[in-house]
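Same chain, two partners: chain A is paired with chain B first, then with chain C.
Our next item is the complex of A and B:
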């Protein structure tokens, strides 16, 4: 749950980019970091392995301004996608308020997307949370590869595989080019913040 | 695990004054109380340090989680305190109850033994406010 500080009138919101390894989670945050430099007061933190893959997480703090008299500090995290890093994925999921699931559109990655989403549901389950009840946005990334003749999953197939029961908002995207990266981010922020507003209303009365 | 910890203004004020009296006053540079999700609950400094406490909190929560996973592997429940020593400045981490972590950043002027004593006192007092 978001942490509300009634003294500083500040709310910290945790949004996690989840998905299979190499799907483009870090690239999403790198794009946001570049594109919205003015709203980001500190450096993006990345904990990488020697071969440049996400070891623990990436972390990017993002100020979205004032809502109901509270400064909202959004904290974006990514998780490491590789199967062996499940313990760290669980750590990063602690206290999550909103999730972006970044799926890889390459046909080859179909199974990996499905497994990663299952892994997300299991990990949330182990914290007594339910993916259906957390603000969620799906992103079908790497759509730009179609131009290069690389076989991609159709949007319909991806919806069928991943979003049939969840019915979350979804975006085809290209994180390297920046297509729909900001849209994905804006959507998850607005979903997360509106679920928070109720809590702030109650807080005002205290 | 859920971290729906809510603090009232009054609680935050008493935590701040505890940290101020016990730690800032003995020459500590900066103290940050965080939850295990990486949120900053209280941060105070001596006016001379300007650390990026939000990034520190994210990393400290993860670091603590990783160290606890190591503890489990060797058959310990957890390591309730950690200490990273630098050339000039060091960081001390200490668990507060089940859900919170106190980071203390201090320089050479402060002796570790004395600091530990004060941290233990501060934690006792903070727990009384929760």
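Our next item is the complex of A and C:
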């Protein structure tokens, strides 16, 4: 549910980074916040537990500029990946306009990726939203671990497990190094704003 | 038509995203912005000159103000530039030009108070950048305009000069009062998030967090109890 302020000519969209715990959602936002600090001009808010896990969520807002005469403000959220924090995930998902699903490429995490995606679908369903209809980008994170000899899932396997029916754009990435982190973010912003424009056009026609 | 519209939106959006996420280092990006702001400043200046020709002498035409005229010219460019962006670089050169003028006019009873106000305001804006009180930039511009008028209007009577200075000092004092009276209430991260989010209210979020913390504490206690009973 994007917020549109016709007076101020502002459009505010909400994008949520979703995925299993320890998958690298926070690292994605931290990388962007650090790399483009001078352009972001706002603070990233992170609420962490004693062992450095996201307890509630991370929040990073910034403006990407003026498009078609409207200032586009984007708010990024992450959700806590741990299973027990489903209530927080639901709260953060409220009013979401676009989602990045950050999957963990480690072989050991295959099951968790699938469960987390199912959980996303269920949570969206409880809000009468459909994962197939919401702007979505998949990110297969931690590809850098291959160099360290850690067994990783192949991209084909991950596509088969997670993206077979969704057919969403996907990126192999490394949030720690920064590979494809900005590309993932650019893609989701682009999809979300275009989808919003389409919705508004349909609304106007009606 | 709709397709064309969609194409141009995508193109505009892609360009904005390329710009935002470009690998070009942020310093170079800032320099580029400053350069484009300067170009616009030049255009604005030409228009402003044409408008003001009747009552105020152009800085270039003022023969008695060769030295300070150059400083004023630089300050004027920076004041116009502040409409676009406030950077460390612009504010530092602003402060330097004001300091230079203060040296030249240290014996001038009318110019000196205005220069002091400019100095204070520019330091405030430099520190707070875009978070500065919106009136601060307006006040800074107004004080500069007054200063320029005093310097460049031929044969201005002392009484008129004093009246201009008093008006600006009054404006500055009123801003100072606003800034000291209403120190903004510190807002927590939660309030800040709720305020900008628009999808969750601060009250709702706080209650939710309190419940979650309570649950987490209860769970921890249960674990401890369980461990103790096992021993």
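Brief remarks follow.
Methods note: the second predicted complex is superposed on the first by the 197 of 206 C-alpha atoms of A that agree within 3 Å, B and C clash if a C-alpha of one lies under 4 Å from a C-alpha of the other, contacts with A are read in each partner's own complex, and residues count from 1 in each chain.
Criterion: a residue touches a chain if its C-beta (ideal position, glycine included) is under 8 Å from a C-beta of that chain, and two chains touch if they have at least 3 such contacts.
Only a predicted model underlies this, so the values are computations on that prediction, with no experimental measurement involved.
When the two complexes are overlaid on their common chain A, residue A:4 makes contact with chain B while staying clear of chain C.
Once the two complexes are overlaid on the shared chain, A:12 sits against chain B and chain C alike.
Once the two complexes are laid over each other on the shared chain, residue contacts for A:22 go to neither chain B nor chain C. Once the two complexes are overlaid on the shared chain, A:110 sits clear of chain B and of chain C alike.
Which of chain B and chain C touches more residues of chain A: that partner is C. Of the two partner chains placed around the shared chain by superposition, chain B is the only one that A:128 touches, whereas chain C remains out of contact. With the contact threshold set out at the top, residues 1, 3, 12, 14, 45, 47, 56, 59, 61, 75, 87-88, 91, 94-95 of chain A are in contact with chain B in one structure and with chain C in the other. Only residues 1-9, 12-13, 35-41, 52, 54-55, 58-59, 61-62, 65-66, 69 of chain B touch chain A when the two sit together in their complex.
Interface residues of chain C, counted against chain A in their complex, comprise 2, 6, 8-10, 12-14, 16-21, 26-27, 29-30, 130, 189, 192-193, 196-200, 205, 208-209, 212. Across the interface of their complex, chain C is touched by residues 1, 3, 12, 14, 36-39, 41, 45, 47, 55-56, 59, 61, 64-68, 72, 75, 85, 87-88, 91, 94-95, 182, 185-186, 189-190, 193-194, 197-198, 201 of chain A. Residues 1, 3-7, 12, 14, 42-43, 45, 47, 56-57, 59, 61, 73, 75, 77, 87-88, 91-92, 94-96, 127-129, 206 of chain A touch chain B in their complex.
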